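Some structures are shown below for you to check.
Okay, so chain A shows up in both of these, paired with chain B first and chain C after.
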Partner chain A sequence: MADRGSEGSDRRRIGVYVCHCGGNISDVVDVEAVAARAGADEDVVVAWHLQFMCSDEGQSTIEQDVRELGLDRVVVAACTPSLHETTFRRVVARAGLNPYLYQHANIREQVSWAHVHDQAAATEKAARLVEAAIAKAALLRELDEVRVDAVHRTLVVGGGVAGLRAALDLARWGMPVVLVERSNELGGHVLRLGRTYPTDEPGRALIERLVSQVRDEPLVEVRLSTEVCQVTGYVGDFHVGLRAVREETDGHPCDEEVEVGAIVVATGFRDHEPARGRYGFGHPRVVTLADYQRRLYAAEGEADPARALGIDGPVRAIAFLHCVGSRQVEGVDEPGASGRLNTYCSRVCCTATVRAAAETRRRFPAVRVVDVYRDIRTYARDQEQEYRRAGEAGVVFVRVPTDERATVEPAPREDPYPLLVRTRDTLTFGAELEVPVDLVVLATAMEPGPVEDLVAMTKAPTGADGFLLEVHPKLRPVESAIPGILLAGTARGPMDIAESTTSASAAAAKVATLLAGDQVEMEPFVARVDLSRCRGSGECVATCPYPGAVGLQDVELDEGVVVPRAYVNPVACKGCGACVAVCPNGAVDVQGWEMSQYLAMVDAITADPAGFPRAIDPSEVTTG
Partner chain B sequence: MDLQAQTNARSTRILVLASLLCAYPGIDATGQAHLDYPANTYVLPTPDPVMFPESFYWHCFERGIDGILIASCGTDSPYEGSYERLAARINRVYRQMKERGLDIRRLRLTAICSVCTKAFVKEVGDLARVVEELGPVAAELARGPEPVGSESP
Partner chain C sequence: MSVTTQDRSLAPVRLERSLIPELERFGAVDVSACFNCGSCTAVCPIGTEDGAFPRRLIRYAQLGMRDRLAASPEVWSCYACGECTQSCPRDADPAGFMAAARRWATASHDHTGLARRLATSAPFATVFITLLVGALAAFLYTAHRPVSGREIALFEYLPATFVHNLGIAILAAFGVAAIGGLVRCCRTLSRVRPAEHGTRSTRAIGEAVWFAVARESIAQERMRRECADDPGVEARPWYLRRWFIHAATMWGFLGLLVATIADFLLDLTGLKPTGVHVPLWYPVRLLGTLGGLLLVYGTSVSIVRRVRKRERSVARSSVSDWWFLWLLWFAGVSGFALELALYLPDAPGWGYPVFLFHVAVSMTLVLLAPFGKFAHAIYRPVALAVLRLRSGSGGAPA
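For the complex of A and B:
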């Protein structure tokens, strides 16, 4: 048996609880058999199967068993740990055990729901996963959360709508904020939007209202024309260098340093700029949707479309083209300056486009409007109404095959219209269309904002699309993998104003929770050095990507000899385990994910039902 | 008991080392979508597969794991440079596998995202087919590498 650490080497007293999940598990897995197999383990004191382990009854059963039977470890086999691992850790803690003496086995998402057609195999798999969980549980150690003194101030990077919202919310939570913005004014893209969805409030009005509220907040300190030039430290105590934006900033030292407990990144997005000539881009009669909206709403009372839109010549027909730079396909589209295809959907452009198309028809009824799309994704509540209204307003929809692209070309000089849009239309059974128009409006993609420098400084990861990457899109949508660095708004991906401000509020709430006390509390899943094994090779230091997370320090041995030994700074460690694999002496582990625990799980998975190892000893094999 | 009887007496087993932030929720999503994949697949979550040393893979093979699918975050890993380190390590394991006569197709390095359900089903299905074709790892380990110069002319 593997080393059981400081908790002693006597048999464990483990309680195992197998959940039916109201049939979700027990309709496929023989939970009684699984519990019986678990109960046969010498370390298991009690093994139950219950209808709903997460119910009050299930939780109180565990609590009662821990107290009355003296359990020292608990295993629950149920749904994915993403849902209820925290629930059961709390149960264990309420019962008086260290919450990290708990192990979860996932037998719903990864067994009963995946192997519904093979119940015997599903039961065997569930039993082995529970046995593996028991094997790991036996080796679990008591762990304590990592705590660090918290600086009660937050840096918000980016003064667009998300940054403003985050700063305002933080101030209202009582948190001092430093808000830095690279440009010389607050507001970002929204400032230049004609009308915003769904209220129709002009973008400038919306921003002015927010800015006024921010300016009235004494806790918010706004720094315009300022950029981040250095980030050191860790959650609770980041040291951030700031400097004034200059024409030549390369190599220019930081002007000042601010100390903050958390950083909210709200750096926004960039508008996609098509390659010159693509979709006619560069022609004076081809404009982006953002440009068109500015023109459309700038001259609200003007009835003449040419004068209103600032076009030199008659405006009788306009074509709107969707997905310009979005949902790009290899072999069909060309990569942009970043070298990658934007395979993602920019999400907000469909609604913005159909609204602009409908508004054009409402303002200028004589103008024909054609909407050229691949798919319409007016995805949020009530947005489908905008699509319907556009149709009712007389907008003509043309659907391009997904693997084809509409083209925009200058018309021959003798033609009455300056541009020709050519495409096939799947709505008319693939008919070849040639649409003469006076103006083409391109619904361009949202692309990642300029975050390269910030990424290099913070190590906050980006996804394949170039946007900053959240830990999980649903479960932890505003947290980056770096503790204390939160993501707000379109820095994380395309979203509309409502979504941006909601994510900003979520990020602010996360920060407020994080920095609420005198100390920041983090999960204890960080590296740990076993000094009895460490020989000071320094391999862990060399491989660790995070400055200050792992280091070597002199340690005096009993006989007075001073030797280098590794140490871990738990607040700087991200718990990736890169150091674990390279230690030649196996002296480093990630707490909660120790190598001995993995080996024990593998042994449990490969053991035959009688408990004997499954591997064949080559010396016993007769090959003749 | 001859080799064939010993090996046939046991079914094959596949281990999946699933990154907690990407592949693990992706494999959960596979179950949520009720997409089938071989039931001899055992998923172990890990903060990042970069944590496993070469010796871990050998422990698995020697204990009777017939195929290992590393379901990493790929280049989307939130940990800087981890995928490159992982890939380099797996290359070293491949070299060791060749030296010991183990088919390197038993170890598969993949990137599975948190919604990559079909990709997971494909990868684990492909590995299961390879393992089925090769048979239990123990037999291959017992045979050892081909003697030098044993190849047909």
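For the complex of A and C:
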């Protein structure tokens, strides 16, 4: 056992709790044996195994033990720490201990789920991970959250429906907002959508309502034709450079700087542009759904389809093609202008398409409408009605096999129609169809907006699909991994208007709670310099990827000698540990993850405790 | 073993004109609500893996695939139990669609356009049939002669030869229309899926014909065995079950037809001149009386059910259902009225007009048979035989 500096009566009082996770763990791992092994440790006062540690019962057991047995460290062996570490820190804090005197061991994802077929080895591994956690727990120190004075102003990037909603919500909570929009008008895509589901309200009317409310709000400062050119600082105190949008922006310096406590990214999406020729794209009679909607709702009283839609020639038949640039499959689809294969579903196009198809039939009963789809996903409340209505309106649905695509080609000269859509139809037992049409409408995908610059400036991560990434899709859906940067609307992925405004309101609420007090609290897992060992080499400063996180400052030694020594700005530090790795003197540590703690864990894992047989003989383990 | 027949190997179809509006004129409710879930096909008691009807046929109609719908023998398989309509999640009424498809198919096998008009226009059907019955009666009346005795003497009133000759002419007209329709039907059936016909063994063809004519058309095996009455009325006695009502109507009609022809043959051979009175037990007369009873019973129950609309199979009635049913009923009832007139002591004055009416209605019935609901008796056996040959099971669990 490693020296824990806890000898004699000065021993630690650690409580260990092994979770069954309702069988998820206990079906594979002998939790009783793991608890027993943990209980044998000299520093462990109590070791339990329970059905669900995250339940009320589990939590109150810990609380009670801390109070009644005077525990000074707590170890829970359960699921991944990303799920419940915070939960148990709070439990420990409620019981009166410093929340950082808590250590988590993951014996579900790393043990029971991974080693279903070898229960003995799984139990041994779990026991060792728990022993390592105990070893680390013994060396944990009390830590305090890093606190930053909070600037109450918020920057909202993007003036579409999500940005407007977020700005409005924030202003109503009394928080000043700077709303930056790159184009010269507010409203984004919604402005040009025609009538929107499910309320049938024109997109323009929706935006006008929001904009007039935003304009009436003295706390919102709207900056049109403006873009973000630099982001420095951290949650509570970001310094954001802004500049006017010009023809040539490259290399142009920022015009001004604003100080904000948080940034809401509502940069929206970009319409997918198919490769030229694909689905007839580029042909004058092939339009996108957005374009078609604009035409359809531009002249609502016009009964003649050709005149209403602005088509030169008769309009007798229209085909709608779903999933253009969405749910792409390697080997079947080609990437569009973005160069990326969009494997995701764009979610809004099904409902929008069947609505446009039904509306076309309703307004122009003589026009045949064929809806060519792979799957119909009209998923939200009342949207199934739209699908049903389209059927009842006489829209003919044709289903393309999943591994095939419809084609659009110019019809031969003698054909009275300009275009032919060809596909096979699974609904008609694979029959090959040829649909002569006057117009083809492509339901194009939503693609990530042009956020490369913003991503580079903020280091906010994006997913494989190119959209900005949330911390957790269910548990932390509007937070980016960078504290203080929130995600609203389609910047995070395809959403309809209702979902966009919902996420915008959620992001605004997150900002409001974040900046509600005068200070912002952050986790204390940041670097700390041991001045007694630092020799001022500056290696850490050269390595640190975060501007302003580490620096050198002059320190006066006893004899009046002034030497450079490293310091850490805890609010800028992200605790990555790069400085720890390069320090030639071992003078830096990341709080909560100190070198000594790591070593203790390694010792515990590799130790061969007397009296316990090893399930795996190290001599039998071969590498390579 | 059979797998669902695919359309993928067939020639491409141009999607240009929907068939739905046309079928609506033949009495289909709007099937555009159908979203091809296949519930109808799943619940159909005579559906098989291979048949895929009614869904497949509704699909053909939605896409305007006229040729394939006309060439689908499945159109004629259905016994109209209505179970599919009851289970349809979209209220698209597949059973009503099937009935309309049969009327449409009948009309498309008839090049005179008469079947179409009789099926799509109630005023036309009413006026046309009334005029036809009236004209035939008037034509018969022109040949009447004074009657000598006190008793009713039908064939003194109308010369037997005259009635016989007219009857033969009517039967010949029926034959021409029926054979013409049959030829067109066969041609249509073989046009879309020629490859599947190939060469068949005589044995297979014989078996298919046996299945279609004997087991399905005469014995109506599947209708008795598979096609249930409405839930809850299953327990009713055999003489009220759907299959019996259909059988009574069918055998009653056939019985009367055979009796009439037999009477003519007896006259032809000189065994019994037409009009000679025979006792009730005389075989030909007995056959006629029994046929008449069955026919009047079957059609009366059908009419009552169609009026009450309580059962799913008769929830909706079209003009084609009505005119055929009423003609049958009038033919049967006027026949019995005639019997009554013969037995009444004082020959009633209405005896002769009823005679004219009876003969005119019966002739109308035969003349219009290939243009209306009766046409299924012509096309169905052929379609079932083709289906049997194609799938090896005729869409039936063999």
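Note that the second predicted complex is superposed on the first by the 447 of 624 C-alpha atoms of A that agree within 3 Å, B and C clash if a C-alpha of one lies under 4 Å from a C-alpha of the other, contacts with A are read in each partner's own complex, and residues count from 1 in each chain.
In this text, contacts are C-beta pairs under 8 Å (C-beta built on N, C-alpha and C of every residue); 3 or more make two chains touch, one makes a residue touch a chain.
Worth saying up front: this structure is predicted, and the values here are computed from it rather than measured.
**Student:** Using the touch definition from the top, say if A:606 reaches chain B (first), chain C (second), both or neither.
**Tutor:** After superposition on chain A, A:606 lies in contact with chain B alone.
**Student:** Output check: A:184 vs chain B and chain C. Expected answer is one of first, second, both, neither. What do you get?
**Tutor:** neither
**Student:** Regarding the shared-chain residue A:429, is it in contact with chain B (first), chain C (second), both, or neither?
**Tutor:** A:429 sits against chain C, while chain B stays out of touch.
**Student:** Using the superposition described at the top, determine whether chain B or chain C touches more residues of chain A.
**Tutor:** B
**Student:** Considering only touches as defined above, state whether A:392 meets chain B (first), chain C (second), both or neither.
**Tutor:** In the superposition, A:392 contacts chain C only.
**Student:** Can A:553 be said to touch chain B (first), chain C (second), both, or neither?
**Tutor:** After superposition on chain A, A:553 lies in contact with neither partner.
**Student:** If we overlay the two complexes on their shared chain A, which of chain B and chain C does A:370 touch? Say first, second, both or neither.
**Tutor:** second
**Student:** Applying the touch criterion given at the start, work out whether A:481 contacts chain B, chain C, both or neither, answering first, second, both or neither.
**Tutor:** After superposition on chain A, A:481 lies in contact with chain B alone.
**Student:** Based on the superposed arrangement, let me know which partner A:212 touches: chain B (first), chain C (second), both, or neither?
**Tutor:** After superposition on chain A, A:212 lies in contact with neither partner.
**Student:** Which positions of chain A sit in both the chain B and the chain C interface?
**Tutor:** On chain A, no residue contacts both chain B in one structure and chain C in the other.
**Student:** For chain A, which residues are in contact with chain B within the complex?
**Tutor:** 80-82, 106, 108-111, 113-118, 121-122, 124-125, 128-129, 132, 459, 461, 463-464, 469, 471-473, 475, 480-482, 525, 543, 545-546, 574-578, 580-582, 586, 590, 593, 595, 598-599, 601-603, 605-606, 608, 613-616, 618, 621-623
**Student:** Taking the complex as given, what residues does chain A use to touch chain C?
**Tutor:** 317, 368, 370, 387-388, 391-398, 422, 424-425, 427-436
**Student:** Would you pull the chain C residues touching chain A in the complex into a rising list?
**Tutor:** Counting only chain C, the residues touching chain A are 4-8, 10-16, 18, 20, 30, 32-36, 52, 56, 59-60, 62-63, 65, 90.
**Student:** Okay, in this complex, where on chain B does chain A touch?
**Tutor:** Residues 1-3, 6-7, 10, 13, 15, 21, 25, 27-32, 34-37, 39-48, 50-54, 56, 59-60, 62-65, 75-82, 85, 89, 114, 136, 138-139, 141-144 of chain B touch chain A in their complex.
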